[in-house]
Amino acid sequence: DDTIKFALLQDFTAVYTFVTDEYNQGQRDYVELINREGGIGGQQIELLIRDTGNEPQRGIEAYNRARREGAVLVDFLSTPVSRAAVNRVLDDEVVMITALHGRGDASDGTTFPFVFPMMATYWSQATVLLDYIDREAGGLEGKRIAHVYIDSPFGREPVPVMQALAERKGFEVRTFAYPSPGNEQSATWSDVRRFRPDHVILWGAGGGQAVSVREAIRNGIPVENVYSVVWMAETDARTIGADRAVGLKRFEAVGTGTDYPVMQRIMEHVVEPGHGAGPRENVGTTYYNIGVATMAVAVEGARIALEEFGAPLTGDKLRQGLEMVTEYDAEGMMPPVTLSSEDHQGGGYGRVSQWNGQAWEAVSDWFNAHQDVVWEEIKKDAAGFREGR
Amino acid sequence: MVDKQNASPEQVLVCEDVSRWFGGLQAVKSISIGIRQGEIFGLVGPNGSGKTTLVNAITGFYPPQQGTIRFYGEPINRLKPHKVAMQGIARTFQNVALFKGMSVLDNILMGRHIFMRPSALASLFYWWWAQKEEIAHREKVEEIIDLLQLESVRDEPVDVIPLGMQKRVELARALCAEPKFLILDEPMAGMNQEEKEYMVRFILDAQEALGLTVLLIEHHMDVVTAICDRVVVLNNGEKIAEGPAREAINDPAVVAAYIGKKDDAA
Amino acid sequence: MSNQAAQAQPEATTDNLLTMSNVEVVYDKVFLAIKGVSLQVGKGDMVALLGANGAGKSTTLKTISGLLAPERGAVTRGTVEFQGRNILPLGAPARVALGMVHVLEGRRIFEHLTPEDNLLAAFPSRGSRQRFNELKEQVFTYFPRLKERARTKSGYLSGGEQQMLAIGRALMTEPELIMLDEPSLGLAPLLVQEIFAIIREINQQQKVSVLLVEQNASAALEIVRHAYLIENGHVVMDGKAEVLRQNPDVQEFYLGGAGKVDYHNVKHYRRRKRWLA
Amino acid sequence: MDIYYFLELLINGGLTGLMYSLTALGIVLIYKSAGVPNLAQGAMVMISAYLIWWLASVTGMNVFIAIALACIGMFLFGLLAERVLLRKMVGQPIIMIVMLTLGLEIFLRGLGPGLLGAAPKSLDLGIDLMPIIIGDIFINRAYLIGGIVAAIMVGLSLLFFRTRLGTKLRAVSDDHVSSWSVGISVEKAIGVSWGLAGVSAVAAGALWGSVQGVDWTLSTLLFPAVAVVILGGLDSIYGVLVAGLIVGILGSVIPGYVDPLVGGGTRDVVTSLIILLTIMFRPHGMFGREDIERV
Amino acid sequence: MFYRLSGVHHTRYQTARALWPIPTDRRVVYLLLGLALAAPLYMSDLYLTSYMLPWLIWSAAALSLTLLMGIAGQLHFGFAAVMAIGAYTSIHLTRAGVPFELALIGAGLMAAVIGCIFGAAALRVKGLYLVMATLAMQYLVDWTIINVPAISGGAQATLSTPDVRLLFVPLQGDTAMYYGALLWVVIVTLLVLNIKRTSFGRALVAIRDKDFAASVIGVNPFKYKLLAFFTSSFLGGVSGAVLAFCYYQAVTPEQFGFNVSIQLVAMVLVGGLGSVIGAFMGAGFVLLLPIILTNVVAWMSIMGWLSVSSNLLAHIPLMVYGALIIGFILFEPLGLAKIYDNLRKYFLVWPFRHTQS
């Protein structure tokens, strides 16, 4: 058959529930839109969706099944499952996208030809946030930055980059870990308060994020000085209290809201006529839009691949197609992404946005920063992976 | 039947001054007894008088806090229960303590444990290693099964057979260890007359066939007077009478504390 | 022989408290433990159920008191009536409320509770505090020893004391019928006599009917009026206590022969159960 | 380091410990009467929070009315759990019962997020975020309220077990069959204890839900709660309070000083060690009853 | 009927103690083994690598745990940690150039030694308390692995398995890995079966059923409890290594988290505590059921038979899975093995309904 198959094998029931619902809804709505607009080069896209429960072996089963059904792209939205599957996708030549999660070192396209982070890695997110502080929020030199993170590899991931920048820019970072899932962090924050940080950077996800911000407020740290990794969304702001969270800043990979042409078309052709994949109020949320953006890039890559190499689309063609994506910004919804066979991150762009009581509002332009430091990390870890092989 | 008169007066098991406390309660108070080779020695007394506790002290479950216990001259009061077992002391329990998950046969085979060399490796190489041992010990077990007439239930799971049979299996398991000394804690509790008679028969047969010395705790006075050579009566952890069964039991103190109405005592 | 016994049916069928007819019980869906057991207990009556180990005595009691379910047992045939009412559909607590109580084999008191709390636990929730105190005092007059130990954990009581507590606890429900499963099990002779005396007293003073399961047949046959003999899940004989006491089979198997047994010369291969075909 | 830091860790730790006690209390209530270690208590807390959220946000009622209704709902849930699940488990080995409650936990973790949405929800009880400040000590108001609620609930439970019904419940935990034999309705007793555990789950769900939002992670409160019940003694209500304080304080003070040195979240390590050491050195906990075991 | 006990007489102790004394059972075993050996010939690679292979390895792990929980009666809620120790040890050893066979033994030994520390708790407590103690140890092991880079390989811990040879055959490709796993599960199965019928197994069962009664016949309860932990952890460690090398081809801490321990326990219980065949059935059930449920539910919704929100759809398998575990424990506490056994008994006594009393 002549459909293109993308496999969205995600964790709907365990650790990533905070994001998966909306993210997956966005992905599906976007694909629905593409299909309604005639597909890619006349071919429809079929989505294979499964829950993996964040369990590596369920992920592997789902992956094997999807591969057999002819999927050319897979998105696990789960660090453990992506990690467990990485060797397989490399062997099978199936494209795996790991937007905003998973291994940052996969940005090294030469080592990971089939893995596409395609958006800012955690390292790039850290540099963007720090650079923003440097340029817009009073500079970094001599400042004290508290890195408060969930005690997991994910939470620790940006630490080396932050430390490198601390050296370069002459500020002090201190790390504060709280145990997962972070529903209770008071001891950690007593310590943070005594550090008297100028800025706090939060590296967590899910329920722990709201707890962090509330603790920050309680400990007298102005919300404006609190920054978060990409995993801070509307729901978190509401859990904190929509008013209390005003001023909170975060890294943003994709614009929110429905004011983009793509979103308008989704509203018009998919959501309004009732073809949407989920509740209407999710449309335009942070994670929904990230979902849309991932599919937009993937579809763009597929479009190029089909144009260049013709049907049928294979994993390898898709990879090459993606590697030819240049300056693609999903009609303004995201920073321009340029992928190449070396760089699967796409530049590491993002921006900082701020909660205004109702929505996240951009407070900077799209930019990237200190990619040299980021790439140092990428190269180092990629080398580690090659050795491990 | 062993000729009681000629039984060697050598004392096999000697308790000297044995005491045991549970918290503030002294369950056994400076008890001294000596049990002779080949005899059936009765231990009786009211409930809670410390009989089981004394036996537990001998078999290492509740090591006496005071006093010594010698078995063939060797002190055993500091040994762990399994070490005591290896010295040649076997016992049954007041409440049947069989291994519920096993068949009767396996329960009795367990009695051979001290003669076997169990290990996971031996099991892995069963056909070269463990099989011979298993079969060799089966023979001894079958002998005991014959002796105690357990053929009919050999392959039954042990928890479905009647209590009387279970007590017999427990006895069989103890006998399989080829002990020199056997302790029976109320082997006839909950049995009717007929079953009691069977049990007595088995005890006597076993004693005769294997040349055992037996320590018997029982509340059935007819049995005690019939088969025990000597008895010790405990009350409140203290020894209140000692001597040939009939005399000890007719001691007024014993009657008052333990027997009650005279005519019940045989 | 059993026909002859069967003729000696209880005289007073009109005021029967408990009637069990033709009951069959299966454990685990496969094991047939009793096979058509029928028996009756009159008001104020004292009846014994005798039999070898595994004959099905405890099963019979559990059938009456409704305690088969936890052991995966089920009644597959027959009826049990209490006060003229079919009780098989009722759960155990409901049967207790009707006025029967079962003292389980092996005492099974509430180990972590004091004797006093054991009594309280068995006392019906709707009863008044005053009634409780009355009943408690009554139990303590039967068993003065319990009063002394009313505040220690029951798990540390001696066997006899635990048995007393179990009986006393049962009395707290103010039963019309008390079923006792081997109350003499493991008790010293003196205590056996005491317990039996108290059972008789309870029966006579309070007109509580008693259904007694015993291995100690001679003691049981002395105090009961009527007895049933159960073997292998069947009632093989029943009759008045004094009649049964004279029966030679009963004498041989349950009472230790006519005279005293000579244990050293017990015949090795006795024919078991000659009343079975 | 400064004494205020220590005191703050101590006080907030103690209070969070009491918040854990709210979850732990449910476990103890059930264990004390049914002898069942309810590993689904965390999930019950989560379900309670979902229920409150649903009542409050979907029907728009006042959150405290929602909490009251949730109490009724969870009490009924407890009765139902007994009727459907535990009634059949009488006499089963402990491992089966443990697994059963784990099965229940899996089921509930599917049910709540499945029906009401997996993304985190916010539950606002209107507790002021601003801390109570004494000297340089910042005390968390939510935890303070939680601690007070926990202490009140523990007190009520203590009183409850003094009653006649309480005695029957304790009897039931000793021996189901003999409870039956003397006319105690084991089913009803266990049902009540599950119901009460459901009510205590509502308290925990409301407070924790307001602190961290409502999603499945509420069920992970089970782990510290387990530490509390192990340390306090599985059947000691009083122990819940004391052990809650200790677990909370140790889990706050030790990481407060050790974390900066090792650069990791050591609280779960502390919690694990509390469980382990208690079991190794005093298995029945500080106030739990000892098993009466006789050879 | 073809399935009869009658006519089978044992004249020697040896045959009475055979693993499968009934000829039909024996034939079934041979048949299954034959089918397993030929699997790569008739099974698609999806089924071979996503179902058959993990099922075999998890069966081996479940068997290891059955030895401890079912036979020796020591509850263990931290078995995934034991497997993790095996997996990490094997990887580090092979990376250091140790031959795979030796690395497996090393993995087993390391797991066994640390497993015995878990066992130390068992010397003091049983039942529920042991559950809690092992659970706490699972957390500690997890934490240690995650926080010690020397073990996990750093913050983004994924250690890929190096290329190795097993008995001179390169362990690459689905087929080789499958046979490697099959070999291991056959060894574990035979071992556990043989343990069950020899003195070692009896001693373990004795400790489980009545430890004090075991000690009066000379069984040292301490020693056998520790031996149970040692043996079972050894097998668990090797199973962890096999899982890493033959299935995941990499190790990360999440592969051996707390929920994996719970799954292992579920395998053992749903299969039937102490049963060998049950371990296979339980592993199949717990491993494959969520997958199958997910696929069935997805398929139903694609067919339009189930129109609910995608969120609910994703959670239905979780609910059904929980409900099924509950259902099994409620309605057949002796597990799948018992259901199988009932069927088998039904044929054995056919045409009668029950065995005689």
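Here the chain labels run A, B, C, D and E in written order, and each chain numbers its own residues starting at 1.
FYI, a residue touches a chain if its C-beta (ideal position, glycine included) is under 8 Å from a C-beta of that chain, and two chains touch if they have at least 3 such contacts.
Predicted model only: the values in this text are computed from it and were never measured.
Among the remaining chains, A is positioned farthest from chain B, on the basis of C-alpha centroids.
Set against one another, A-E and D-E show the most C-beta pairs in contact at D-E.
The distance from the centre of chain B to the centre of chain E, each centre being the mean of the chain's C-alpha atoms, comes to 41 Å.
If you average the Cα atoms of chain B and of chain C, the two centres end up 30 Å apart. Distance from the chain A centre to the chain B centre is 73 Å, each centre being the mean of its Cα atoms.
Rounded to whole angstrom units, the spacing between the C-alpha centres of chain A and chain D is 35.
Touching of two or more other chains is recorded for residues 212, 311, 314-315, 317-318 of chain E.
Looking at chain B, one finds that residues 61, 93 touch two or more other chains. Annotation for chain D: residues 109-110, 113, 117-118, 264, 268, 295 touch two or more other chains. For chain D in complex with chain A, the residues that touch the partner chain are 2, 5, 8-9, 12-13, 16, 19, 109-110, 113, 117-124, 129-131, 138, 140, 143, 208, 211-213, 215-218, 220-221, 224, 251-253, 255-256, 259-260, 263-268. In the complex of the two chains, the chain E residues touching chain D come out as 69, 75, 120-121, 124-125, 127-133, 135-137, 139-140, 143, 147, 212, 262, 265-266, 269, 273, 311-312, 314-326, 329-331, 333.
Remark: chain D residues 90-91, 164-165, 167-168, 170-171, 173-187, 289, 292 touch chain C in the complex. Interface of chain A with chain D (complex): residues 12-14, 17-22, 150-151, 174-184, 186-188, 190-191, 193-194, 206-208, 210-211, 214, 217-220, 235-236, 238-241, 244.
Against chain A, in their complex, chain E makes its touches with residues 44-46, 49-51, 54, 146, 153-160, 247-250, 252, 254-255, 259, 287, 290-291, 294-295, 298, 309-311, 314-315, 317-318.
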